[in-house]
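Paired with chain B in one complex and with chain C in the other, chain A is shared by the two complexes that follow.
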Partner chain A sequence: MKYQSQAVAKPYFIAAIGLFIGQILFGLIMGMQYVAGDFLFPEIPFNVARMVHTNLLIVWLLFGFMGAAYFLVPEESERELHSPLLAKILFWVFLVAGALTVLGYLLVPYARLAELTMNDLLPTMGREFLEQPTITKIGIVIVALGFVYNIGVTILAGRKTVVSLVLLTGLVGLAVLFLFSFYNPVNVVNDKFYWWWVVHLWVEGVWELILASILAFVLIKVTGVDREVIEKWMYVIIAMALISGLIGTGHHYFWIGAPEYWQWWGSIFSALEPIPFFMMTVFAFNMVNRRRREHPNKAAVLWALGTAVMAFLGAGVWGFLHTLAPVNYYTHGSQLTAAHGHMAFYGAYVMIVLTIISYSMPILRGQKAGSPRAQKVEIWSFWLMTLSMVFITLFLTGAGIQQILLQRYTDNPLPFMVVQDKIEMFYWMREGAGVVFLVGLILYVSAFFVKGGEREEITDSSGMASATSS
Partner chain B sequence: METVANPPAATGRQDLPGDFAIWIFIFAELLVFGIFFLAYAFARAGNVELFNEYQQYLDRETGAINTLLLITSSFFVVRAVNAIKRNAVASCVRWLGFAVLSGAVFAGLKLTEFAARHADGITLSTNTFYMFYLSLTFFHFMHVLMGMVILTAVAVKAHRGDYSAANHTGVETGASYWHMVDLVWIVLFPLVYVMH
Partner chain C sequence: MSEVFTKSMARNIYYGGSAFFILLFLALTFDTASEVPKRDNHEAITEQVALGKKVWEENNCIGCHTLLGEGAYFAPELGNVYTRFGESTEAIIGFIQSRPVEGIPGRRSMPQFNLSDEELQAIAQFLKYVNGINTSGWPPNIQG
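Our next item is the complex of A and B:
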């Protein structure tokens, strides 16, 4: 690697992958509970498994974003990280806090956890995805502030590039918007607004900036295409993502008690949200087609292209399916939402973190790319995870459509649990696809341990990482 | 895809005036307004009487003046582009100034119109017609402000001598955006204010 301090990214990536495995295991447990309701009851009730599944996702993605920032910011800024020690301390703070929180979810009833963590002093618990005890939330803010400080000082003192400034904007936005999670008004309508300003403005706002900057960084490295071309694309994509994403928040206001005009505003603006994702796909393929070098890390190039395609499908297309108010009236909160959620999170955020890990891990271990055999295993893992996620999405979409037809869009709506029995087959198939996903993930991890074949040691220094500096 | 792959700035191709990136914006903007207009047509088809009734309370005279203002400002912008192609920097800056001034008068008139509606107690929730009227005109109003910012930035850069007959892409870029703002109003005004 070019700068010693980039090495702090490594523990972040390892922790991210470890928690990712945990997330998938709890996903499988929950998928089983969809068809066998008392599976692992009372040890792991469904609501706990769900909380662990979604919280682990958010935490490991944050680990991934932080690792990505620690890796790419020194290289973009052309200087060492402001404080590698702070990065290491925050790593352990975040890991211990995250582990304790998950243990809290698993070992004591949620209400008891709220008591133990003195939630009544500043009640913030009990809301989907923001279930963390208040003290954990405070910990997240401290870690985020220290992280943004460390990254921010490095960026501002060094070479300022569009990639690093967009990343910084996204990270600051991530930290600032999380503050809404501390406001928990009694009025449920009010509460929903603030809740969406964390949840939606993260995934359909500032996280997209983080995604775009990491993708641009990897594409610059693996294609050697001029920075100016990539930067112009970034400006256009980001402007569109922010405008459509910010006003598109309105698609969450349809049925929460907000004024009716939001059904128009939310529908129209969120209908545009697929466009920046489509542009990102065109952008990624263009850059790879115009590449000036053959980067030895084929797996990383594949992940980068996969991110663009799957983000467009999952976030763009599957989001659009149910974003118009007249459609959402019937589809709201059905399995169609779950289908969208799975493919969007995988395509946009899981894959971008796997992209940067795939690109940077060999460099952090003193190679330009993994051995051909290791890459072959990794490429298998790409296809297994991606295709199984496509099938998870399709099965959940099937379940969702049948659910909507039997329970919502009919003159004789059937009760919820009766419908759940009728769509059981889809849940079984989803669980099967989930097992394949786990196999893919195990292959991904094992690719880091594959020995043999010719390893490509780093020799040149033309904008690439150099072994001589490490 | 090929045109996307080769922005004129990078390759010297010049099939669109201005920077290629602005055309992506213009396309996206027209798409939003297009969807909004379609939604308007769709909503109106279900409430023709309501739309016709409340349309007559709109201020058509000011709307017509505003239309003339924007068309005239587009003319000024065309003169600015012509001027810079002749290396007449001072003239270019002057024409851009006139265009921004026309935009400012448009914005001022629009604000008095909004103030009058506000005084009548009309909001986005009053009825579907007013929802569309306020949304569309306000959304367009924001674009006029944005266009004025762009034209001002172009004028400042021109004044500093950043543009010339050989290098006038920036002026064309700003001009293209302004024409889009004008074009949208030319559709919006008859659609919302006039057509029964």
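Our next item is the complex of A and C:
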């Protein structure tokens, strides 16, 4: 660790992993409810499990992004973090607010939660992914402001690199766009139109800036390739991401009452959205092939390459599959959407957070890399989680195609629930793949506790070992 | 990338491209704002519909259903449920009211939300309003 204040990243990463485990457990509950509809009913109805599943995902990814920022910004800026104390306080505020919100989902009916948190004063609840009580949303804004302030002051007072400035742009964008979650008109068309300014402009906009800067940082560190080269690539990739992704928002405006010209704008620009992801894949492999050093952390290199490939497949390919308006007419809101959502989120955002954790956690624990044995376990977990996510995606794609053929693209459409029964086999297989994912995740966590084998310790300039092996 | 293509060129594409497309997106949004009233069935928005949207949100209906194709994919699309239920708000109310508290063995079942008569009328009117939005012909058929 070059700067003491980087240590504040550690609790953020630990919280992220903890919430990740919770997310997957609720995913398995939902997967079970798809095949055994009365599973845990009425104690945990599907909508509650889904809310917990998706909200935990968002919260743990945010923990991951914040941890990443606290780790990489001091190093890029070549100075200590502006206020480690603020970072620690915000950690507990965010964790407690997140935990209370999830407990609220689980312990009281949602309508009661709305009442308790006085949703009437400023109704923002009950919209997909933005289910948090208004008071939680306000808490998120406060945490985000404090966080962006802390990171922003550090960056602006120190060395300004492309990596840190792009990261800051992404984080500011994340905070600003979240404000649209407070806009909730009765008019459903307007509600949906601006709801996407949070959801789409996050995941296909500003989050890609965060993704690109974290990936660039890790590649600079593990390959030793000249920063200038990596930054040039990064500019082109994020330029393409925004050029395609901004107007690409239109692919959500086809069928919600917005003007029909969005079918053209949305189709054409979102057809370009795979390009930055493809470039990211070429870029990552190129940099690793041109590496100037053999970094001992093989697992981190694997995660970095995996992020690029899986983001391209999940966001790029699976997104493109159903993004053209004439295709989307039949696929909109089917299991194909769920297939894309799973692989895109895993490939782009889960994997980039696991990449930075893989790279930085050993350093935060006083090592350069985990022991070979620990890395071996981590690499196993990489393959188990990644391959099972590929299969989850394939099974949901199968379910989606069958659903579309029986319910949409046919002269004799069958009712929704009749079709759900007919595609049950896919849901069973998806649940099986989900169990393998959980096994992978357990391995992933256990890799942090694997002892033994040689390990490279960080030595300071005087050659003294600054870390003790445990 | 070759040396001919420099980092400052890449940076200019990023800043220039982003700025241009942000402005284009805002221009399209501005135009959309003037076009939407022709399609959004706002004439049907009443106090009751507003209450209905609140009931919709405060019971997290989107956590299982889709509305105009957005939401969860666990239960049927409701953007056209008014048409599917024979243009009868009473049929919608009857369905919501009749959900068994303990569910249906082995099957998916909508929870019993114990809505008041006023809330039931409101949610039905809300769904009727959404049914009237011009969605460019989506969904492809009545099954949603």
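The working rule: the second predicted complex is superposed on the first by the 458 of 470 C-alpha atoms of A that agree within 3 Å, B and C clash if a C-alpha of one lies under 4 Å from a C-alpha of the other, contacts with A are read in each partner's own complex, and residues count from 1 in each chain.
The rule is short, and it goes like this: a contact is a pair of C-beta atoms (placed from the backbone, for glycine too) under 8 Å apart; a residue touches a chain by one contact, two chains touch by 3 or more.
Model, not experiment: these values are computed from the prediction.
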- [ ] With the two complexes superposed on chain A, say which partner A:Val236 touches: chain B (first), chain C (second), both, or neither.
- [x] both
Open item on the list: Quick one: is A:Pro326 in contact with chain B, with chain C, with both, or with neither? Answer first, second, both or neither.
Closed with: neither
Task: If touched residues of chain A are counted for chain B and for chain C, the larger one - done: C
TODO: Pick one for A:Phe46: touches chain B only (first), chain C only (second), both, or neither.
DONE: second
Task: Partner chain in contact with A:Ala271 - chain B first, chain C second, else both or neither - done: first
- [ ] State whether A:Glu260 touches chain B only (first), chain C only (second), both chains, or neither.
- [x] both
Open item on the list: If I apply the document's touch criterion, which positions on chain A are contacted by chain B in one structure and by chain C in the other?
Closed with: 228, 232, 235-236, 239, 259-261, 265
Task: chain A-touching residues of chain B, taken from the complex the two chains share - done: 1, 4-5, 7, 9-10, 21, 24-25, 28, 31-32, 35-36, 39, 124-125, 131-132, 135
Open item on the list: Going by the contact rule set out above, which residues of chain C touch chain A in the complex?
Closed with: 1, 5-7, 10-11, 13-14, 17-18, 21-22, 24-25, 28-29, 31-32, 35-36, 39-42, 45, 49-50, 53-54, 56-64, 66-77, 101-109, 111-113, 129-130, 133-144
Open item on the list: With touch defined as at the start, can you tell me which chain A residues reach chain B in the complex?
Closed with: 226, 228-229, 232, 235-236, 239-240, 259-261, 264-265, 267-269, 271-272, 275, 279, 282, 286, 289-290
Task: Parts of chain A lying in touch with chain C, wherever the complex brings them together - done: 30, 33-34, 36-38, 41-42, 45-48, 50-51, 110-111, 114-115, 119, 123, 125-128, 131, 162, 184, 186-190, 192-193, 228, 231-233, 235-236, 238-239, 242-243, 246-247, 249-250, 252-263, 265, 329-330, 332-335, 337-338, 407-409, 413-417, 420
